[in-house]
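All chains are identified by letter, namely A, B and C, in their written order; residue positions are counted from 1 within each chain.
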Amino acid sequence: MKSLIHAISMGAAAALFGLAGNAALADQLDSIKAAGALKCGVGSQYKPFSFVQDPKTRKFVGYDVDICEAVAAKIGVKPELVFITGATRVTDLQSGRTDIALANLTHTPERAQLVDFSNNYFASQVKVMVPASSSIKSFADLTDKRIAGISGSNHEVKVPKVITGADLKVFPSPANAYLALEQGKVESMVGDETTLIGLISGQQGKWRILDQPVDTQQIGIGVRKGEPRMVAAVNDTLADLEKSGKAAQIFERWFGNDSELKMKRSFSFAPYVQP
Amino acid sequence: MDALASIDWGVMFRPEYRSMLLKGIGYTLALTAGAIAGGLLLGMVVAFGRLASSRWIRLPATAYVELVRTIPLLAHVMFWYFAVPEMLPDELKRALYKHDVGFYASLAALILYSAAFISEDIRSGIRGIPHGQAEAAHSLGFGFFDTFRLVVLPQALRATVPPLLGQAMNITKNTTVALMVGVGELAFVTRAVNDASFLSVGVYAFTTVFFLLIAIVLTALGKWYQHRYPAR
Amino acid sequence: MWEILETYWVQLLIGYYPDGPLGGLAMTLMLALVGLLLAMPAGLVVCLGLISPWRPLSRAVSLFVFYMRSVPLIVHLLWVYFLLPLVIKGAPLWLVVLVVMTLFNGAYLSQTIRAGIEALPKGQYEAARSLGLPHGRAMRHVILPQALRNMLPSIVSQFVLLIKETALGSVIGLHEMTLEFMGLNDTLGDKAIPIFTLLGISYFVLCYPLTLLGRYLERRFAGPSRSASASAPAAQA
């Protein structure tokens, strides 16, 4: 019976693919050029990667937006922002809703089986943040406390391994998780250091980020599997940006001295290093 | 492509997802039961309110029904989850946040939403009873409450049971909106397991069958009731 | 509360268009409108299948309607969100929601249309047949025009339901009105009470006049016999 159901579902899948399969002969780079637009998967409220700075203009700006525009310019098409969430980043890439996936997609071996990654375009440590007045000083203090994580992120896997005993609550976006922390719905929050600093900009006094990192992440741009010319186009863009110094400029603008975060650039656009 | 290549119909029963699944079903049943009970109670109160002779009772009851029904359930849940706790005084707020705000907010929203529809069904049921019934009861010496309790209500309820079964089905389906505020009911678990395993077909099929079974049971219940107590 | 509206009204109205995706009230209304326009022919097709004299067809269509009505809308959305991109590469979110709404409301409307057809005096169909019209043309020229006019109030109330259904698009990330307000809440942090009150008011202002229109039409066209239809298939999220 099980194999009969299996056979029928395979048959249905084959029928569906008969419809879709013929379109896949041209590769992705060609179809992007034909369409005239590069669909970049970015977060809708992800400071400082992609966010709206001025409600009057409703224009999206940020680190990811600049990178997206650079890649689009390199290919010779318009950049088009498509909103993704932590949970949908990978499937949107696979289904074709996005052509490249940004939004802080950490390069992990598990993900590398589903999508291809470009060279690193960002690096970050994952840390835990608590209210400044909280008594939590180390991971051990987090036992039985609630910690906010972001759905679809690497934290869901790492946190239970590194911070045992914490009650992980997932939220759809960093802004959502931060709101829960502010309201007291959770006692702590886990996130990339840059995301955390971006969220609390202007209110640094109220929060404390624990020194001990949960993880160190290399972040690449996601590309659909099996599109080597696309990956090459992205990597060429990244190399150009690094060589011309624009990569450092973009970092300074959103994370470094030109921003509120005042972070130091600890990485450069370079190939992924196996940990 | 790969998503269809590997179909595991039993993915929800895998050991790593099993406990989440059981909790999910538990949440769904808890929300459903709570909303049905609360909705029936509040629905009856509101139904009587709408049939009251005093304008001061009738108008607020009508306003409640009209307001609640024109706003989507998800917006209700958002309001109860984000806005209502902030209206509470500080100590109550902090005490509330120590618990599962999502569950209580969803339950409150579900009860208020369902009650509006249930009250309409009950009201139609009561209005469907010919006025002659109440008159006959009065002329036999029954007081107002006794008329209601012994003559009108039993007949009204008999007519109302089929639509109420329909509302029970709606409530069961409506509990799925709770996933938007983090309640780990079945739809939330469905999405979580799908995101973790990428085995969408097996995951979604399980949840679909779950709801279909509930629908089949409720439909059968309805048919049995029609058979046993046919509408006269 | 109104300052929020003052600052953000453009975003709440049309999302990030034209520099970004369309969203907000515009998305909600367009989805509801197009959904209704597609659901009506879909409902007609389903209804004709339901009342078809050929048993296997009416049985199959019956099962389809039962399936659409028993499974929650969110689960329908999850299925189509997964399946549609396999058939249409890169299918945008609004298309996923549109497909679900067409199928879902088509199934519900088929019941309304069937009720509208069955409410007609049987003599109409018999007269049409005895005048020599075959089944198909009797339906097309005699039954359906009358049934559809009777159904106008139900169609208006179905439109209200569609508007409410679009809110669930936020579950798969579609930036319709509810998700825009939620995003605003994330950005502004402590303004939850005015934001979600505004959300409720927006839907009320949108839907209540339509509800009143539906009731007016019901009194004018359908006459006193239609009291049962008020809450029949209606009570959905």
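Criterion: contacts are C-beta pairs under 8 Å (C-beta built on N, C-alpha and C of every residue); 3 or more make two chains touch, one makes a residue touch a chain.
Just so you know, these numbers come straight off a predicted model, no measurement behind them.
If you take chain A and chain C together, the chains in touch with both are B.
Across the two candidate interfaces, B-C and A-B, the one carrying more C-beta contacts is B-C. Computed from the mean C-alpha positions, the centre of chain A lies at a distance of 38 Å from the centre of chain B. Our note on geometry: chain B versus chain C, Cα centroid distance of 21 Å, whole angstroms. In chain C, the residues touching two or more other chains are 82, 86, 185, 190.
Among the residues of chain A, those touching two or more other chains are numbered 16-17, 91.
Contact with two or more other chains is made by residues 3-4, 86, 191, 201 of chain B.
Contact residues of chain A toward chain B in the complex are 2, 5-6, 9, 13, 16-17, 87, 91, 94, 114, 151-152, 156, 169-171, 183-185. Interface residues of chain A facing chain C in the complex, by the touch rule stated above, are 16-17, 19-20, 23-24, 39, 44-45, 52, 55-60, 81-85, 88, 91, 95-97, 173, 175-176, 178-179, 182. By the touch rule above, chain C contacts chain A in their complex via residues 7-8, 10-11, 15-16, 19-21, 82-83, 85-93, 173, 175, 183, 185-187, 189-190. Within the complex, the chain B residues that touch chain C are 3-4, 66-67, 69-76, 78-79, 82-83, 86-87, 113, 117, 120-121, 124, 163, 166-167, 169-170, 172-174, 176-177, 179-180, 187, 190-191, 194, 200-201, 204, 207-208, 211-212, 214-216, 219. Within the complex formed with chain B, the chain C residues making contact are 66-67, 69-75, 78-79, 82, 86, 160, 163-165, 167-168, 170-171, 178, 181-182, 185, 190, 192-193, 195-197, 199-200, 203-204, 207-208, 211, 227-228, 230-231, 234-237.
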